[in-house]
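Across the two complexes that follow, subunit A remains constant while its partner is subunit B and subsequently subunit C.
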Partner chain A sequence: MAAASALPNENRYLGELGPKLYMRLGGLGILLIAGSYGLSKLMGDDSARFWRAYLVAYFFVLSICLGALFFTILQHLTRAGWSVVVRRISEGLVANLKWIWIGFIPIIVLVWTGNAHELYHWTVGADALPEGSPEQAMLEYKDAYLNPMFWTLRAAAYFVIWFVLARFFVGNSIAQDTTGDAKTTTRMQTIAAPAMLLYAFTQSYAAIDWIMTLEYAWFSTMFGVYFFAASCCGFGATLILMVSFLQKTGRVTQSITTEHHQEMGKFLFAFGIIFWAYIGYSQYMLIWYANIPEETTWFMIRQLGSWKWLSYLIIFGHFFVPFIVLLSKHPKRFKIMLVSACLWLFAIHYVDMYWLTMPSIPMEMFAEATSYEALSIDFPVSQYAAEYDLSFQFFDLTLWLGFACLMFGGAAFALRNQALIPEHDPRLYESLAYENI
Partner chain B sequence: MNDSGTTMAKETMQAIGDKSKNSESSEVKMFGLLAEFETPGAILSAAKKVNEAGYKWWDCCVPFPVHGLDKAMGVRPTILPWIVLGAGITGAILGALLQWYTNAATLELWSGPITVTGYAFLVSGKPFASIPTWIPVMFELTILLAAISCVVFMFVLNKLPQFYHPCFNVKRFARVTDDRFFIVIEARDPNFYQEKTAEMLTSLGATAVEEVPA
Partner chain C sequence: MTTLPIDNTLDDPTKRSPLVLGHDDFASVTNTICNVNERRRPPRAWYICFAISSTFLGILGILIGYLFWTGVGVWGNQNPAMWGFPIVNFVFWVGIGHAGTLISAILFLFRQKWRTAINRFAEAMTIFAVICAGMYPGIHVGRVWVTYWLFPIPNQMEMWPQFRSPLLWDVFAVGTYFTVSLLFWYVGMVPDLATLRDRATTKFKAIAYGIFALGWRGSMRHWHRYERAYLLLAALATPLVLSVHSVVSFDFAVAQLPGWHTTIFPPYFVAGAIFSGFAMVMTLAIPARQWWGLKDFITMRHLENMNKIILVTGSMVGYAYAMEFFTAWYSGSMYESFAFVNRAFGQYAWAYWIMVSCNVIVPQIFWFRKARQSILIMFIASLLVNVGMWFERFVIIVTSLTQDFLPSSWDYFTPTWVDLVMFAGSFGLFLTLFLLFIRFLPVIAIAEVKAVMPQANPHADHGGDH
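The block that comes next holds the complex of A and B.
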């Protein structure tokens, strides 16, 4: 393999494109987010609606960056050969985890200043609820876990852990570019196992703390896994889009081949589509079958009014259609097809986060209802439709784009001086020569 | 196994009655010629040439999957994925039909001496025809049929199990499981002429070319 031991002759650096990307994307991102805030004030919307949209966009970016962290750790944990050439690009996304806490500060401020009552209902505190009501009993019961202090401490712990993990895996990988030390890889492999455990716990608890507790009465033990599966979908699509973009600009055209595209497509297909559907269905089916009001109401909210159509869109757009489209190996190897599918999944992942986060009807309203019939007596659907129906706002879109810009800009910033493939990884040549059997 | 399997799958497509003129006319009954190569690179380039020379009844035997060999040999894609897809869809439909039928109280399949009807049993007040409950059974049957058909048809298409193959009569061939790479060109190939084919194999870098008795 003498011929293969030289790296292919290609452009492997962002070069001038780097500053262009991170300056413009970063500026645009901040502008869009600030503009969205201005827009929501201008439209006289209640701020709860804005902050929910903010959370949706934030979770969108967070999930993708966490997916990247999972992917990076996974490659070290399994000592994967094929993925070395695309790992650096995923590390660009991982690097965002060092700064992602900044985006969560407004939410923490809202919770501490007592302005998050409509966002996180539990922040009102058990004392504020009607004396002797079931809601009060429930919140009192959960108070030891769901109080601003512990909640903030946990959030801080997640951010610290993500910071350390991102720093370790990205930093070591980049350091290896100059030192060329194969021991760095061994070290990352050793750390990968405890890192994976830390990742699993922090991302599950973050999903529970930040998304599930939007309705404190609701609980699902599968929720963390659902968020994980969704994050793999978002990340898988983003990785392929980033690689395709870099190749379009004439970078890493030789080292990343159709074989790697197929392999990334497999990752996306397995984790982001099939596993996601499996988990989503399992969560739904258990709750549907057991039919306990405190669990089913969460889904009921998402089946009323226009939310129903959003649910259908996710079932078909996140599973059935991409499943059929990406099942065979041919679309995974056909660039236009793969990129189109990834663009679609990039959007549908946002819809998925929207579906998780946005429905904001207080579940107490459903506490006594056991069926649609009972519900429509106690709580007319028309009243529901007026107040809580799906209403897509313009700033939903701008916030999403703003956060996405910041995410891509952050990745470009992290990779501004780095080679786009880890040039001294001991498995690089295995990866360059990789072929699907 | 992959490589030899797909070639043999290719063979099954061809008319079986196309018995070669060469083997009948030659005095000693022979299966074909066996050429030995020492490196994966050598067999890769040789396989490409053999394919270009227009041979149809030939195969490569290697100790491990050699990347690009399928392409070099010009092996056509296998139809196995389509069989698996068909089996999977059959499983899904079967699962749906099974549950639709077993949950339907009024449906009478036979109206003879025995009446077979579905047994509608109310569970937790769920509707009889309820897609969420159907999914696990449909899913499992899809996976079951797809997986079984995949394994079974892999064997069928590879013509496995095969208890005898003339190549094993050649002593040299034992090293195919260790460190040698072989090309076998069968005598029934219309392009097969013993001297010419042997000459070509030697020119392709074979370290040894041997006759394989049938």
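The block that comes next holds the complex of A and C.
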């Protein structure tokens, strides 16, 4: 291909860095996760609290890898030119989806051994609830959907679909490096359309099954879209961080230019910040405005005690501040600024996942309250503060770092022998020459 | 001018397909496009269409007079469905008005070069659709002499609209959208108006186009400022594409009415609006390119791309239908479940199934390349999509209003002849404006189309390698 001959002279392979990265990061990740578990057992921590933290960290990594899958499919679907040089790095993250099911096994085991009652309340089953109570009626009604068997089968279906999609898009892209066959691109473009449909439904229902059902009574049609928007933020920040890291080590310094950084910044800004805020605002505003108790409880939990500070942190840290910082093109082209913003968003995305997953107050605590005023009078404040208020544990941090290490290590493993840009993609030339006008 | 036998629909990843066919130089592009306005008589089809549409416009005028004279009782709006055809038609037309700004603003920011052939008249269509939409709230107030109460105008009675109501937000959202779309359309047209001015054969035309061309001479400085303004307007218009229909969806979604109160409404309405807007662009583009010889600009590739967008947005709408239905069941709320089961199997089941077949099933035909490239199929599909999108608004509004919480207050909404004829009349207004636009204004952005031709590319010497 003529395109490959146009490639600049630069280091495009991980080389020795590859094994260093995936051995160290993989080892560190496993150590941190296993260590967190061991230490929390030793210290006699509440195991439900540990597994919730585990879920937060898991969703953090899952959302980023799913965001990468969306990005990769989107580039093929739209026949994008600019993104060819950064696509391989995104594919490194996508490759993690082949193995991400392993991290979910403990949760499935918890559900099947009956140890997930505090995590997923619905696993207690309708029979265990007080006879004739509204909770029992609700759970009986939802039993057709929320039972361990169907829930596990659905999870298996999502993982199989993600495995197949990841294998297809990463595998074909890498195969093209050696064959240089333009037909591979055509094939990926053809599959991209049905793949996008599969992606949309699996990621939405995974969000519903694994996050929304943490509060089985609550529901929102927007939930899947919210998780999607959040994953675009996590992925957008991660991609820029990975590219910047590789460039710092002297790799892909010529082919990926400021133009591509600006473009990645635009993706992050449009999907991860504005679209996220649009979806988050719409969901909140509509529920706040209608003020129906069965919907407002979910947000109420997140406005009580110290949780409200976390909510404010997300509003300002996930929207207002990054919006102002990244609005102009200059910060997107100014590397230190862009990388700092991405580090911040990488952290705030974790806070967003934490905010989605962590708060849990039994609905009974709300039972007596008929209004906001009544809630403040009758609400057992001290009991709440002792048991359910926002409180950080050491394993929140270690699990997050552990899973992040595994994610980066997995990407490094997937790219250990591959060029860091798709060297024979037919649109590579267009991407190399890309300029923002 | 001959059309070279080039098939630009082939999807070859090694090179980008040409977007303009059969033109070797810029002059022939200018000649062909200006000919739409400069020819002495438009094609016969224009006269026939204009006669029909202006007749309907006249009927609309008469019926608005009748409405003002008699009162809104001439419509079918009746307890419990106090919101009937006027709001259905309002939402329908606002939705149609989304494609233009999407094409001109969002596709511009996405560097989608194929937009250049269709943006001008999609934007025109947007403006005319918003005019049709804006008419309905204005005539719906009943006491037409106080229509200005829609706006928050300081007054001695200290009477204000309800700022907490999404209906007022609608006034702002649609008003802003209309203003920015109009500006965007007009700013983009200035260089082309200057072209028409310079080519004018009569004094009258030269002056008329000259006034609106704002003294454009095509200097570097003009172009520099023009491109700046265009980019800024695109950035301003982009959030508006999302905000207008989101606010329209708030009209319903903030309520507690089952079937209306669902959090996915804002993005779902936006997807539906783009869906219907593109279908309308298609409905108008197919005859226009045929009658005015614009097939070299609005090529099969353009049509195919639009069909793909119809497939994508139709699938998004399908996703929202599925998610709503699932959640209505999952919520465990008997009112929610009833609202959705009632839509599908209740007294308006016929409308619901028209909606589902037209909006979800019909676009699936575009999975096939043959269908995406068949003029007949895409024309029929575009008409059906708009039928489906009208019924979507009808289903959402009417089924929830006529059968809410109390069975004793249930009823069946029936439109009157005035409802139906006025809706037909709004098409008369829309098409009359559109036909006048084709006759007198540049239908394709001449300057922008030239910029996507190979001659405009300074790096065109790579032998088609990219």
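Note that the second predicted complex is superposed on the first by the 426 of 437 C-alpha atoms of A that agree within 3 Å, B and C clash if a C-alpha of one lies under 4 Å from a C-alpha of the other, contacts with A are read in each partner's own complex, and residues count from 1 in each chain.
The criterion applied here is as follows: a residue touches a chain if its C-beta (ideal position, glycine included) is under 8 Å from a C-beta of that chain, and two chains touch if they have at least 3 such contacts.
What you are looking at is a predicted structure, and each value in this text was computed from that prediction instead of being measured.
Undergrad: Is the arrangement of subunit B and subunit C around the shared subunit A a clash or a fit after superposition?
TA: clash
Undergrad: Output check: A:Tyr289 vs subunit B and subunit C. Expected answer is one of first, second, both, neither. What do you get?
TA: Touch status of A:Tyr289: both partners.
Undergrad: Examine A:Glu435 and indicate which partner it touches, taking first as subunit B and second as subunit C; both and neither are also allowed.
TA: After superposing on A, A:Glu435 lies in contact with subunit B but is clear of subunit C.
Undergrad: Per the contact definition in the header, classify A:Ser328: touching subunit B only (first), subunit C only (second), both, or neither.
TA: first
Undergrad: After lining up the shared chain so the two structures overlap, which partner does A:Leu197 touch, if you call subunit B first and subunit C second: first, second, both or neither?
TA: So A:Leu197 only meets subunit C here.
Undergrad: After lining up the shared chain so the two structures overlap, which partner does A:Val243 touch, if you call subunit B first and subunit C second: first, second, both or neither?
TA: neither
Undergrad: Could you say whether A:Cys233 touches subunit B, subunit C, both of them, or neither, answering first, second, both or neither?
TA: Neither partner.
Undergrad: Specify the partner with more touching residues on subunit A, choosing between subunit B and subunit C.
TA: Answer, by number of touched residues of subunit A: C.
Undergrad: Given the touch rule stated above, what does A:Leu74 touch, subunit B (first), subunit C (second), both, or neither?
TA: Touch status of A:Leu74: no partner.
Undergrad: Considering each complex separately, which residues of subunit A are in contact with subunit B in the first and with subunit C in the second?
TA: In subunit A, positions 285, 289, 433 sit in both the subunit B and subunit C interfaces.
Undergrad: Along subunit C, where are the residues that touch subunit A in the complex?
TA: Residues of subunit C touching subunit A: 11-14, 16, 111, 239, 242, 246, 250, 253-256, 261-267, 315, 319-320, 323-324, 327, 330-333, 367, 459, 462, 465-466.
Undergrad: Going by the contact rule at the top, pick out the subunit A residues touching subunit B in the complex.
TA: Interface residues on subunit A, with respect to subunit B: 281, 284-285, 288-289, 291, 328, 433, 435, 437.
Undergrad: Touching subunit C in the complex: which residues of subunit A?
TA: Touching subunit C from subunit A are residues 2-3, 79, 82, 138, 141-142, 145, 182, 185-186, 189, 193, 197, 200-201, 204, 217, 219-225, 274, 278-279, 282-283, 285-287, 289-290, 292, 294, 426-427, 429-430, 433.
Undergrad: Name, in rising order, each residue of subunit B that touches subunit A in their complex.
TA: Checking each residue of subunit B against subunit A gives 2, 65, 67-68, 81, 124-126, 132-133, 135-136.
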